[in-house]
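Shared between the two complexes below is chain A, which has chain B as its partner in the first and chain C in the second.
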Partner chain A sequence: MSLFSALEINTTGLTAQRRRAEVASSNLSNTDTTRTAEGGPYRRKDVVFQTTTFGKELLNANVRNQGVEVSAVVEDTTPFDRRYEPGHPDADSDGYVSYPNVSAMEEMANMMSAARSYEANIGALSIIKTMINRTLDLGK
Partner chain B sequence: MMDNRLFPVIEDRMDWTAKRQQMLSANVANIDTPGYRTKDVSFSEQLQLLQLNVTNSKHMTPSGTDPRMEEFEVKGKVGLNDNSVDLDREMSELTKNGLQYVALIQFVSQKLKTIRSAINEGGRG
Partner chain C sequence: MNDITAYNKIQKAIPQPSAAPTAESSNGISFGNVLKDAINQVNGLEVNSQNEMNKFMSDDTDLHSVMMALEKADISFQVMMQVRNKIVSAYQEIMKSQV
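== the complex of A and B ==
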């Protein structure tokens, strides 16, 4: 039934937006992390969204259901924030400490945007759910 | 008595509506995907599905062409993230499409009730 495919499409949207929120959370919580397992300060991460095609063809062989997925989590290569803190254990010989290239403000905006998009998918899901429920009630 | 030839037409329309819902769902899912363009389907050929009774040569005849849905790209402003999905449009279209589907269901439901009433000899049902 094609309505179930519609449900799946929006589910991919939910998953992708949740991943994005997770990454933003991780960035936010590490705004001041100067030590990581890979060494050096924490590097800001970002998600890459990509359309996915799955399931049966919708109209013809060329048009298929298009969902979305997080194809990669990439690192932000912008330079670290260098602050003069000679007393800091991670300060270099000049007394500068490299802090993560994370802007709390930016991450909050990113987080809110992800939440809005997540809600949009939920909205679509609830409409489809109503459609399916009404179909099931047919003939009652 | 009962014109049950209407059922296939309604069924077909329900199928189209459900498919359009998929298209609109895809737009919502891809609201943040760079390079994505809003897509929709048209139902222009839908009318030709109606199997009308032709009792007069001047009546319109169903041409019986393949009622393939046609996909088209919705013109819209492309935002900073190279994406043209307008959330307000999508949500309103989703709601409209959903209501259309429910209306069709309602119609079939009423039709079934009428048939049931006939089977039950009217008042005794």
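== the complex of A and C ==
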């Protein structure tokens, strides 16, 4: 239904931004995690966004880059933060502990950006909803 | 007397349909079927919103997907109601007309 394609596009935006907020939450809560299932400290994760083709009508009009999706969650390969803590159980032979390459401030900024983008999508959705409702008012 | 002759003239002037009128139009799509399809579609969206709600309850989907399904169902229902109102008001208009 063409009436809803704009709504659906914004829904993909909501999903993608929520995923990004999830990843940022995961990073934030693991700022000091030194043990993971794979071994070693936690590595910062990041999302990669990708456009998706959306809707028959738009495809026919040859407009191919519409919705958005999280195509991958990748690991940040920057080196770990090494701190001298000889008493720590995960310290290496030199007394250094590798802490995750996560900066809490950066993650908070990321989180806020995701929240703002989410809000922008909600705003667009409510505008489209208002447009549809206004059109329906024509019949009253 | 004058009135009756005028009426007869008018009746001759109106072309009489050769066959009994049917609801089916020439290409086989009747208004009733179109309306039925539209109502089915609206119903499908309502069912979809219910499914989304169930999925949300069992933790399978996002809140915004549920809201979006609800919105779609609501909007399509409103469209259906508008169409229905139009049909009913047209019907009432015809019923009110003096014969």
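As a convention for this text, the second predicted complex is superposed on the first by the 132 of 140 C-alpha atoms of A that agree within 3 Å, B and C clash if a C-alpha of one lies under 4 Å from a C-alpha of the other, contacts with A are read in each partner's own complex, and residues count from 1 in each chain.
The definition used in the following text is that a residue touches a chain if its C-beta (ideal position, glycine included) is under 8 Å from a C-beta of that chain, and two chains touch if they have at least 3 such contacts.
As the structure is a prediction and not an experimental result, all values here were calculated from the model.
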First, second, both or neither for A:104, with chain B first and chain C second: neither
After the superposition on A, what does A:74 contact: first (chain B), second (chain C), both or neither? neither
Just to be sure I read the superposition right, which of the two partners does A:49 touch: chain B = first, chain C = second, or both, or neither? first
Have a look and say if chain B or chain C is in touch with more residues of chain A. B
With the two complexes superposed on chain A, say which partner A:139 touches: chain B (first), chain C (second), both, or neither. both
A:18 in the overlay: touching chain B, chain C, both, or neither? Say first, second, both or neither. second
So chain A touches chain B in one structure and chain C in the other; where do those two contact lists coincide? 1, 3, 7, 139
Using the touch rule from the top, collect the residues of chain A that touch chain B in their complex. 1-3, 5-7, 9-10, 12-13, 16-17, 20, 49-51, 58-60, 63, 65-68, 113, 116-117, 120-121, 123-124, 127-128, 130-131, 134-135, 137-139
Which positions of chain C touch chain A when the two form their complex? 62, 64-65, 68, 71-72, 75-76, 78-79, 82, 85-86
Of all residues in chain A, those that touch chain C in their complex: 1, 3-4, 7-8, 11, 14-15, 18, 129, 132-133, 136, 139
Can you list the residues on chain B that touch chain A in the complex? 15, 18-19, 21-26, 28-34, 36, 39, 41, 68-71, 87, 90-91, 94-95, 98, 101-102, 105, 108-109, 112
